[in-house]
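A, B, C and D are the chain letters, set down in written order, and residue numbers restart from 1 in every chain.
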Amino acid sequence: MGSAFRWPLRVYYEDTDAGGIVFYANYLKFFERARTEWLRAAGVGQQQLSSETSCMFVVKSASIDYHAPARLDDRLEISVRIQKLGRASVLFTQEAWRMNDLDPVRLCTGSIRVGCVDTNSLRPAEIPVAVFKKISNANASMLAAGI
Amino acid sequence: MGSAFRWPLRVYYEDTDAGGIVFYANYLKFFERARTEWLRAAGVGQQQLSSETSCMFVVKSASIDYHAPARLDDRLEISVRIQKLGRASVLFTQEAWRMNDLDPVRLCTGSIRVGCVDTNSLRPAEIPVAVFKKISNANASMLAAGI
Amino acid sequence: MGSAFRWPLRVYYEDTDAGGIVFYANYLKFFERARTEWLRAAGVGQQQLSSETSCMFVVKSASIDYHAPARLDDRLEISVRIQKLGRASVLFTQEAWRMNDLDPVRLCTGSIRVGCVDTNSLRPAEIPVAVFKKISNANASMLAAGI
Amino acid sequence: MGSAFRWPLRVYYEDTDAGGIVFYANYLKFFERARTEWLRAAGVGQQQLSSETSCMFVVKSASIDYHAPARLDDRLEISVRIQKLGRASVLFTQEAWRMNDLDPVRLCTGSIRVGCVDTNSLRPAEIPVAVFKKISNANASMLAAGI
């Protein structure tokens, strides 16, 4: 699984479909939860972000490869790693792992580009300096710690 | 199925769960879609409502009895009927029917109370007069037409 | 908030809607997560249940009153209490609380009746004895502990 | 918008998030609905597929670029085009368009690879011949018609 921020979660009925497995779109929900918690750990709350500044983060592109399915009651961990940090966008690499057994199984791998936009116009905007610093510091700490 | 506004829809993978049937919370989505289309048919768009007035509709209570399950690919119809129209809230009776065969099957029955609230404070508010009239007229027409 | 099993969760973007608050159907997801964890704590896994026995739990009715809205990033706790335990169904009382501040705020109250059904026919079935005992014991312990 | 199978839909509250726009994962739901309807038009029902054969379709990879956001009440059209038809998988190109005004706006573009798997083992499997022929014929007709 390598080193990265990891967020644990469970698979509930709401996440599965009639194929008996997690519906493919729901991994994007899982990825978003983990990014949100990564940001929160870095000191950035998104509700606060949109209420205190005039900007918010939106996803600009997402690419995901599905390797193995998850089922009801599975314990998952979602990883978050920054691939590239720009002034107006962040490129994340994320993975979902099934943690039921001693040997974790990688379920899917994603590449998600998140951009900062003006809340009203939804036009691209620079990440506010204070927020950028928090993200940059958290990323540096993670790299330094070998996370 | 009786007389009421009816909105057709299909069951997709996203609506089902690992039990092979539609996840129970999703009927509330279906009900909301049908109420939205009922309102639209009455001349009330909700995006317009919240942008042009300072209010929006929120659900105050929901009660639902599940009689039979729906499965992937089922054709459903969702009914909408006004049980009671107040100055600040509307009580809807709604049903979901499976329409695959000659004999429709009633899947669930709900009672949904929707209230008008101020968009910012989320406090109860009177339904704007123009909107109230549209709802009232649409309801009267439906009753007159035996719908 | 009284005494009951409580399950914590966060509000993410996926849970909210354009009204800026948690979409009303999603509380039924939250309730289901908490019931699932309550069952798991009682020793009953639902994936295991449907694979090892010929039955599963489905919701027969749900009734919910919305008192106050939740927003992005809110910390919630979902309570689970057994109102009535029958041989083929369980009646749960559940609540959602906002836990951001010193004074928790009750957001909604629900009454959910869950029935045991045969996995294939979806007809009502008695709860398997071993499962019934686990639920019964967990409920008794909770009551004894004043939970 | 070019030539392709197109499936219309509306944006409801359930599709939006607190940013006031459609949640990014939900476009994968929209894409799946449109692929399902494309298959149905080709004579392939997925409930029937999994009950009459031992296989079903699952998504192997998804890649999506978001160009512009959709909002509550927007009228969308989702396009479906086969990029490559293999014996065990199909590569689709899909787009979401906002159709509110005279000039449609392209909201996002996706590339979705769907694979056939055995329902029980979830291992890759060849698309059943009868199903493959229907897909192949539908695709040929679409190309011939300049769709």
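Here, contacts are C-beta pairs under 8 Å (C-beta built on N, C-alpha and C of every residue); 3 or more make two chains touch, one makes a residue touch a chain.
Note that the coordinates shown come from a computational prediction; the quantities given were computed from them, not determined experimentally.
When the C-beta contacts at C-D and at A-C are tallied, the pair with the greater total is A-C. Each chain gets a centre from the mean of its Cα atoms; the one farthest from the centre of chain D is C. Between the CA-based centres of chain B and chain C the separation comes to 25 Å, rounded to the whole angstrom.
Chain C and chain D have Cα centroids separated by 34 Å. Per-chain CA centroids place chain A at a distance of 27 Å from chain C. Those residues of chain C in touch with two or more other chains are numbered 13-14, 18-19, 21, 25, 29, 32, 47, 71-72. Residues 18-19, 21, 24-26, 28-29, 32, 47, 50, 56, 58-66, 69, 119, 122 of chain C are the ones that touch chain B when the two sit in their complex. Note for the complex: chain D touches chain C at residues 13-14, 16-21, 23, 25, 71-72.
Chain D makes touch with chain B in their complex at residues 10, 12-14, 29, 32-33, 36-37, 40, 45-48, 71-73.
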